[in-house]
Amino acid sequence: MRLRVLNVKSIRSVHTFHPRRAVVYVPASDKRKIIKSQTLNADTIVLDCEDGVSINKKDEARQNIYELFQNWPDFGNSEVAVRVNSVQSKIYKEDLKAVLGAKNLPTTLFLPKLDTKEEFREFTEELLTIIKERPEKNHKFNLLSYVESARCLLNLHELVRYVLDASTTSENLLMQGLVFGSDDFCADIGATRTEDAKELLYARQYLITVAKAFQLQAIDMVHINYKDLAGLQMQSIEGAKMGFTGKQVIHPDQISVVNEAFSPSQEKIQWARDLIAEFEGHQATGKGAFNFRGHMIDMPLVLQAKNVLKLAEAMPKKN
Amino acid sequence: MRLRVLNVKSIRSVHTFHPRRAVVYVPASDKRKIIKSQTLNADTIVLDCEDGVSINKKDEARQNIYELFQNWPDFGNSEVAVRVNSVQSKIYKEDLKAVLGAKNLPTTLFLPKLDTKEEFREFTEELLTIIKERPEKNHKFNLLSYVESARCLLNLHELVRYVLDASTTSENLLMQGLVFGSDDFCADIGATRTEDAKELLYARQYLITVAKAFQLQAIDMVHINYKDLAGLQMQSIEGAKMGFTGKQVIHPDQISVVNEAFSPSQEKIQWARDLIAEFEGHQATGKGAFNFRGHMIDMPLVLQAKNVLKLAEAMPKKN
Amino acid sequence: MRLRVLNVKSIRSVHTFHPRRAVVYVPASDKRKIIKSQTLNADTIVLDCEDGVSINKKDEARQNIYELFQNWPDFGNSEVAVRVNSVQSKIYKEDLKAVLGAKNLPTTLFLPKLDTKEEFREFTEELLTIIKERPEKNHKFNLLSYVESARCLLNLHELVRYVLDASTTSENLLMQGLVFGSDDFCADIGATRTEDAKELLYARQYLITVAKAFQLQAIDMVHINYKDLAGLQMQSIEGAKMGFTGKQVIHPDQISVVNEAFSPSQEKIQWARDLIAEFEGHQATGKGAFNFRGHMIDMPLVLQAKNVLKLAEAMPKKN
């Protein structure tokens, strides 16, 4: 078993819409798991330097990622991202040095526990210091940041606006999504996880609201009990219905369940196609709101149908 | 079947408290439905130029409203309002020209998809341009605006404060309520409507909070499946208990169910009267918190009882 | 039956962490109830001058508190706090004069219906005027304020930040917690209390978020039906799982139920000890995320376990 490598010299970051249904964590200190993850074909593989790696394994994790990006690794259809340590931890600097020192640059970074504008400023400055020495000094990384504390949630609107404003000027980061770190959040507010996650409802819905107001992806919490696929399915479907666009995953078995929940069903796609066809017919003949399969249809439902088709098109053909 | 017309020459806008329990949409392009709505005696009839009217019927809708307001139409106890198209659509200007061109002016406007202060500013300027040519240039319209996007929800507190501040100066608009456009909101955040509307809980409760902080009415979402009166009843009662003051309605059959849910019951009114009487007795004899029918009663419950009686008084005698 | 008095001359306010699981109201106008409350050993006894006392008994309530603090009363392990009337009511000034006129000063004040910064400013100025005449002019009172209106909830983030900023300079108040006044809040937004309190979910979760973002305690609503101990237990456990740290209580029978719900169980404490031990072992041997009793454990869960142990240590030994 060894790393699969692509022949291409360098693959440029492409900032087109990339779906992130299953976001799979792989401890970067574990080479065996990294190699296994190359064939998972999940939407996103996150090479983790943070909570999945104990302190005395951090260097090993960084070294593994460095070696990986000395070539351009072949992960099939998967996006390969790196989760560095938080700005508060300070050791994210070591992560960046290793990750950004290899021949190729990852397209996407996951930044945990981003609570304040000041932390983002510090992170971008550190990033710039390293990247400006490289020929790709204008490289723009996709960024997904984490909501993991009450403080972050309270400041989220302001924080996201700040990060996005920064993105439009000279920054090297393009925010694409928000990730809900449910267990750190629970610990922070002193809550206890329950089956239906009632204790997290406001936090999850507010995260969705902020994400969608700025056209960002919203990635739902991990289902920790990785053997309980029925529970995972229920939670995934519920999350998708709430407006989340994907879900964090800690075990390969969870991927297909999550992918299915966050993909529009064939039935839904057909419903959307039929509704749009009917709508265009009615527009032509001049009738407004109309009945479609027993429901009164108006613009919002037409818009929903269009979104379903847009998502269906963006999904990778395989899986 | 023809339009019922009042003999009065002109009816001035009266900004007293008007309950808006059932807010009924009528596509203004459909003369037959308009005429039918004149005898519904719902609290509010909304002549719709927006989502209920297809693009090639918009002119017909405007013409119907214009003709209606050339006389003062007789809608019984109902308030007659007009829902124009959104500021983003630009075509609201055509709506305003038609609606404000007739001999009489409607008392109330419904403004959909109001997301930003800039849109409100644009709307008021357009309104002023038209209205200042009329003798009633100081006419003040009641305004209800819609929450239909994540962006609007995020900015709602600031937006409502801005609109109300504008109202107190030289504006022609007096904001009286917020309306939740659930289907556009769902489409905007990528949510799917479920039976118990869990995906909308935060949005609905935040809307109520902002509305009540500024003494505004809060109008709950449409129950789309208009044949399911049992479901409508459940959703109406739940909405009323959450603090909504009324509900949007798309079919005449829905009106009485909604009216009942948003009216205090005779039993509740009696409870309120008895509690207030008991309270006044205790105040006189100097006892504070007291037992009333097995519950400890203090000021908040007394306040609730007073609100019930105030609402009961404001309800129209019929229906 | 008479007041139990301590021999100590004066007990200084100690701003160490004091758990406030059961927060018990005693109408300060009722001397018999005050005396009874001295042996309850609840975490906090609140001598109430506000809603539990009718207007013509307010002076009696103030006089009782004054007499109580002429000595230092013996309430066992309980903290003795005073709830004054709201700033809006104006009569809080009479409360302060009485309460702060006695030989000893209470360590803690509960301030209801604090909606705005201006009200807080007024309150602190009034307090300063009285306290600066005393030798203990730098006395710092613990403060817990109430969320009882939509307006307060909307401004809560800004309000708490303001109050805490003021605390760090020359003020005599140190905010330690937020208390949810559910019935006043319901009356304010026109909601009706239901069994599962769905109508209050956003308000309660937002209060928790603000409280925890600033390291404050979050005290949940009263369970009004004081005979329904099963219902109280369910609501207490749910509140604790949501992140509340305590609950308001109106009857002595409610105390032990609430104490139990807001204390970590022996089982939970043992779980936390074992997890921490296991974690430290893994850190030593260099494994990161690990399996513990069938669950994948990472930093957030370790953090939760540490919080459980911290709380267990802070609890009074007796119950």
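Just so it is clear, A, B and C label the chains in written order, and each chain counts residues from 1 on its own.
We take it that a residue touches a chain if its C-beta (ideal position, glycine included) is under 8 Å from a C-beta of that chain, and two chains touch if they have at least 3 such contacts.
These are the chains along with the protein names UniProt gives them: A, B, C = Citramalyl-CoA lyase, mitochondrial.
Here the structure is a predicted model, which means the values were calculated and not measured.
Matching the C-alpha atoms of chain B with those of chain C calls for a turn of 120 degrees, to the nearest 5. In a homomeric contact, the two copies may use the same or different surfaces; for chain A and chain C, under half of the interface residue numbers are shared, pointing to different surfaces. Rounded to whole angstrom, the centroid-to-centroid distance between chain A and chain C, based on C-alpha atoms, equals 39 Å.
Contact with two or more other chains is made by residues 201-202 of chain B.
Chain C meets chain B in the complex at residues 27, 29, 51-57, 148-151, 153-154, 181, 183-184, 186-192, 194, 198-199, 201-203, 224-227, 250.
The part of chain B that touches chain C in the complex is made up of residues 157, 201-202, 205-206, 208-213, 238, 240-243, 245, 282-283, 286-289, 294-296, 298-301, 303-304, 307.
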